[in-house]
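What follows is a single structure, written as structure tokens, with notes after it.
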Amino acid sequence: ADLKFPMLVYRTGAYAPNGIPNADGFVDYYKMINARDGGIGGEKILHPECETGYKTQVGVECYEKNKQDAMVFQPMSTGITYQLIPKATADGVTVYSTGYGRTSAANGKVFKWIFNAPVTYWDGASIAVKHILGKNSNDIKGKTIALVYHNSAYGKEPIRTLEQLGKKHGFKLMLLPVDHPGQEQKATWLKIRKARPDYILMWGWGVMNQVAVKSAASIKFPMENFIGIWWSGSENDVLPAGEGAHGYKSLTFNAPGSNYQVHKDIKKYVHDKGEASGDGSHFGTVLYNRGLFQAMVQVEAARVAQQIHGTSKITPAMYRDGMENVKLDAKRLEELGFKDFAPPFANSCENHGGSGLAAVQQWDAKTKSWSMITDYMGSDRAIIDKLIAEDSNKYAAEQKIAERCN
Amino acid sequence: MSVELLNFIETVLNGLMSGVMYSLVALGFVLIFKASGVFNFAQGVFALFAALTLVGYQTGQVPFAHVINELFGTNYHNWYASMPNFLAIILTMITMIALAWIIERLVLKHLVNQDPIILFMATIGLAFALEGVGDLMWGSDVKVLDVGIPSGGSVWLEEATIGLAAEGSDYYGMYIDVLNVWATVIAVILVITLALFSQYTKTGRALRAVADDHQAALSVGISLRTIWILVWAISGFIAMVAGIMWGTESGVQFSLSLIALKALPVLILGGFTSIPGAIIGGLLIGVGEKLAEIYIGGYFETGALENWFAYVMALVFLLFRPQGLFGDKIIERV
Amino acid sequence: MSLDDLKKIPYGKTSIELKNISLAFGGVKALTDVSFDIKKGEVFAIIGPNGAGKSSMLNVINGFYKPTSGLINFAGTDRNAMEPEFAAKSGIARTFQNIALFKGMSTLDNLMTGRLLKQKQNFLMQALYFGPVEKEEAEHREKVERVIDFLDLQSIRRTPVGSLPYGLQKRVELGRALAMEPEILLLDEPMAGMNVEEKQDMSRFVLTVNNELKTTIVLIEHDMGVVMDISDRIVVLDYGKKIGSGLPEEIRDNKAVIDAYLGVSDE
Amino acid sequence: MIYKETGQYKSSYKSDHAIFPLIQDKIAFSTLMFIAFLVIPFVINSYWEKAILVPFLIFSLAAIGLNILTGYCGQVSLGTGGFMAVGAFSTYKIMTYFPDMNIMIIILISGLITAGVGILFGLPSLRIKGFYLAVATLAAQFFLVWLFNKVPWFYNYSDTGQITVSERLMFGIPVTGASAPPYATYLFCLVLVVLLGFAAKNLIRSKIGRSWMAIRDMDIAAEIIGVPPLKTKLSAFAISSFYIGVAGALYFAVFLGAIEVTESFDIMTISFPVLFMIIIGGLGSMLGSFLGAAFIVTLPIGLKFVMVDMVGMSAVTAKHFEITIWGLLMIIFLIVEPHGLARLWSIAKEKLRRWPFPY
Amino acid sequence: MDDIKMAKNETSSTEDILIVNNIEVVYSHVILVLKGVSLKVKKGGITALLGGNGAGKSTTLKSISNLLASERGEVTKGSVTFSDEYIHDLDPAQLVKKGVIQVMEGRHCFEHLTVEENLLTGAYTRSNSKEVKDDLERVYNYFPRLRERRTSLAGYTSGGEQQMIAIGRALMAHPTMILLDEPSMGLAPQLVKQIFEIVAEINRKEGVTILLAEQNTNIALQYSEYAYILENGRVVMEGSAESMRDNEDVKEFYLGISGEGRQSFKDVKQYRRRKRWL
């Protein structure tokens, strides 16, 4: 049977500019696999799209409509992920929220069906702080770090981690929420201008990113001290600010650019045949590449499942096993055409959150391109693991879930 | 001067500037309300549509490209690489006039003499339709809009004010975005022109008459059609100005249409029917919400109270003047 | 002061007295120092040129306008102004010059609103709608049906009043006021826009109410024929001032009134 | 003369004032109830439950609530999202404080709490009218959403502000939580909707309903015939908010299960759509509330079905067309019949009554 | 009786400026209100349209001036010609340009405009500001009360004052034909007379054609030359004003004069069913 990978995309609405390249990456990858390999283990990939417009209620409808025989759902929105966690668990469908969603879902003991590898928001917060530490010879006592965040579940994710890190490293945390959609941030940036924080971290999304980058440039905040999470580091976010955005940094767990083997394959098997998703103009952009990565992991999980269960016709339950046993080491990544594209990671029964590695990339306004400026770094496990255990245990207690993997 | 005082002045100034940006949107609302009693919720989408169109013309995008490509398997994207700004603006203006004409033909004409709430809902429908058409025509990517209006912090002001602070204190000068200064200049010109127009010309009088009673206006020979096309076109123009200003700041994308929500408290505070009200309301709201965010936001941990604060502030004003500061009196008689 | 007290006032005695009422809106003086009294059970007419302040006077009586100065003596108590809700509760009902019906409701519902003050069931009972509520509804419905019969409104019982012709709307408005079982009925130009036959009908309604229910009627009307024929006493306003009062015959011959209002006497 | 009323005489005011005075309507309604209670529960699947029926029922309640306020009492409100959030968060808090309380009772209490909040935000309506009031109600919307997003007590200090429902049973069957079977959630909502629907209809046809309509049609005249404006308006705010609060509680507990306030109760996702429902359905019409909810819930799904599944358009182009068509349809509906689907229905009945004669 | 023709008897003459031919009007697609109304208005004359409540007078006028559409009404049959030209497709504004203006029942003043601005909107279609000014002066002379209230908002003026505004506003358009819907409603007796004098005067001096819907049959018949009586959406009687005045039925039902002269309103005891010509 064909393998169904339903896609909940948002190519419309306030966040469409981000949803489009990301979805394009997915689609192109699936098409490439179908064209190059004839599918996964001989089974074609079906990838029906369902447009959510980033709306929870529509997401539910899309899920219900496509959940029959679906291998995995990539909800593409933190709100929808929260929605699907209990539902998919009850229905026995895998949910994969790559680097977003509920951070504590990394605890596979509690969240059997949910995966968020390779890295979580809390890792992200910790890695950003680590980067700052590195710039200050590991001493940031007394410094101020501001967090400009989307005033929603997504944006609030790193707060607790940063508070803990603040205690540990002695920096002051300044919280600056920005309401949806984030067009008007004057007060935020006046506050920043007055308080002169040493660093700014940003958990932004959509138009909020563009305005923030532009405002930071406009108040002449040193851009190299302004670091966004991986959802605040696409070309869309910096281009409108023009020159001003030069030097802006963001985290990432996949490389920018279009010189990888996978891109060549996509070019050959998809774009050159005129079958590019969308208008093909997002090829090689940050979010497009992330789409490739996300799709690759999902496909790889299917392969693993096929191996484990010795059949190409896997069921959703088998697929979950595959996802739990995904092991993407450097060698495997190279085989898949992702050499140096992303850090290796492996899932396990306990750990659904991957390696927790991310790197920092920086924007060059002259060449209009992102470049990686650090290696992939790990987070402060001591703090993060504790937080994850706390939060997931609370959830387990509320929902009366018994721990697995023991 | 103490740094606190300078900071306070800076906050007020920036508040005023944000207020002007809201006013630009509110102005379009007011004009249409004044001239037809229609509460035009589509004003925000108008701004989006105008900005999209402007960028589309500038960069030579082929309208409906992705639909055409999908249907016919073609691969059209751009006609030409760029077009001079002024030409693009003129073409956009013409498009907005055409849009006004279409709206009159397809929508307003059929809704003469209906309840205001029905007209209001129709404009929400219009907002959806226009949003969809905008998406279909120009795609929903973020687009960079640059018509050459300078933006960024004003260096001049910063340098001029840096010395004002008391000796030895930590002060970096005052901040103001040049783009907003331009917006202010344009808004003031618009407000004065429109206020004079509506108060002292025959057409202006007719506008107000139409808002009061469609049927009676018809009966004295005012052509609703002409009036409506006229005001919707003017509003289209204002929307374009708003679209340029907001779009320069944030790139052109769907979120632009949500600025309508920022304009609403301005509207009720200034009064739906008053053109000067739109600007004064905007200034009050702008200053009020910035002061609130910066000076009392701290009491709520992290603030972000701007959104509701603007509405609550407007509400408080309304309790004293139910028709807004400058709105037409609500006539209650039996 | 309650409705019952008002009912106790003997026939022919003063039920409302207006003392030196003045009313101004900014610069516009709608009423200046007007005094008169209304006796229980009479048909009392207020006439005068357009803009003389007649409607304003009714608004003062039922509390919609608060006089700038002057007192209203309402059955024994002097007050500075009336309150609309209090006036309604005390049995003052009225119709309006510019019809003020509830346009979205049927004739029946409009008349039923006249009974609102008399319905006592609380809202939980209404939500459940059983026993007592049903009984109460039926009781009031019966009263309203009597008004419908009286005013000959049967055929339009279920029609939304908004699309009724003008004259019928006036009649429904009268019906709504009657449904309140008022002690004092204020009528503001009830016969405007009617032809003679309809005016005759309307006069008959008004007189029947006055005769049989002993309702005091205060009437504003521009048709002199009607006013002279059916009213017991008349007061004439001009530019907010009282320029005459008395029996119809006296008014007909009053020089000031003829100059200000009647013009050359009709017929 | 299909829809004939001749020959149906009423011998008492009671029967004349019944909800369905005509036998035809009675039959239609009974059939509908039969299908709703005795057929659908046996055939329902989770798609129909989650995508269509449960949202339809919940939005019907919200629409009835808003219709009471806007359609019957004439006070336009754009704060529906905020009030639904009150219902949702009340439910969540009560659930966590009283783990053993019956879910039905929790939901009704949430409604009452929302009613209280509604009264509070209804106070300005005494002075502020029309669109000014409509915009002013946005203050409630934004404030309430901000409150639930800002004050951690409301979401039990969770890291992100998300709230998640826990499982509750009715007669031993789960009606909330992920493992609730479709028929259970459906019936749970249906029962509430039918009961509250009748209660609303009763209110509307008795004293309080007439006071509302009087205020709506002409507040000054209403005041003069003795309808106290403030009390009447506040009662409308309270009862309307009660319905909306119950809808919000169901939206959270039964429908979505997990909610984030800023997103789930946005004006664009709740306030405007519900307003649409009552306008497309018919202001001041109970039937209209249902028709409107059905229309707004199913239209996008239907359009999507036609364009994506049948025509084979790509999801995104289809969505763009959907938004456009959606907007145009709204306009067309308003032009064809500003008084909504309910009026279309009654005109259709009128025509049936006169059939085969045109007038 | 011979001057009176029963409805639908055709006469035709070239001086008829307005011909309404057998029109049928339906509101909201279901309510049939006019069931075939035909009438003719002579150029430069005053024609009256009489009839009881709900007879369809206002509807007739609105279907001539094309204001029906805004009330969800439509002319489903028949035709209306003005100066030998079909006018269904014109919008009301174009009609005003052609010189046909309607004074609507129920005043319809622009509440938020001042009295003077209200009057000036009447001159919307005119461009000569000198003439407009003169006309404004003329209207103020007709209605001195309006001059006193010129700066107050029309919404605050009394019922009668609003009626004056509505009529004055129409005069400001300098029309060739006025459709007057119940001009006398709510006006004091001497003003009623005065209004009709004004109407007669503009008719005489400026040759303005008048079509008048009135309930006040008495005065309408005094000033008009020809009259139609509408009942229940049909023309039931037409004829010259004089012949109408002498007609027994008209006398009884519309003038309130029975055999022994005018009857006092006080003495009408029994309810009298209106005579229906059906």
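General remarks:
Here the chain labels run A, B, C, D and E in written order, and each chain numbers its own residues starting at 1.
In the analysis below, a residue touches a chain if its C-beta (ideal position, glycine included) is under 8 Å from a C-beta of that chain, and two chains touch if they have at least 3 such contacts.
Predicted model only: the values in this text are computed from it and were never measured.
Contact with chain A and chain E alike is made by B, D. Compared on C-beta pairs in contact, B-C and B-E come out with B-E as the pair having more. Measuring from the averaged C-alpha position of chain B to that of chain D gives a distance of 32 Å. Centroids of chain A and chain D (each the mean of its C-alpha atoms) stand 37 Å apart.
Work out the mean CA point of chain C and of chain E, and you get 29 Å between them. Once the centre of each chain is set as its mean CA position, chain D and chain E turn out to be 47 Å apart. Residue positions 31, 156 of chain E each touch two or more of the other chains. Annotation for chain D: residues 220-221, 224, 314, 316, 320, 323 touch two or more other chains. Contact of a single residue of chain A with at least two other chains is seen at positions 11-12, 20, 151, 179.
Taken as a contact graph, with one node per protein chain and an edge wherever two chains touch, the assembly fits none of the named shapes, being neither a line, a ring, a star nor a complete graph.
All chain pairs that count as touching, in label order, are A-B, A-D, B-C, B-D, B-E, C-D, C-E, D-E. Interface residues of chain D facing chain B in the complex, by the touch rule stated above, are 70, 76, 124, 127-132, 135-136, 138-139, 142-143, 146, 150, 220-221, 224, 267, 272, 275-276, 279, 283, 313-314, 316-317, 320-331, 334-335, 338. Residue ranges of chain D in contact with chain C, taken from their complex: 12-14, 16-17, 199-200, 202-203, 205-211, 213-214, 216-218, 220-228, 235, 239, 284.
Those residues of chain D that touch chain A in the shared complex are 46-47, 49-51, 55, 149, 158-162, 164, 166-167, 177-179, 255-260, 262-264, 266, 269, 300-301, 304, 314-316, 318-320, 323. Against chain C, the residues of chain E that register as touching in their complex are 27, 31, 50-55, 58, 105-106, 145, 149, 152, 156-161, 163-164, 182, 185-193, 215-218, 253-256, 262-266, 268-269, 271-272, 274. Remark: chain B residues 7, 10-11, 14-15, 17-18, 21, 65-66, 69, 73, 75, 77, 135, 139-142, 144-146, 151-153, 172, 175, 177, 246, 249-251, 253-256, 258-259, 262, 289-290, 293-294, 297, 301-304, 306-307 touch chain A in the complex.
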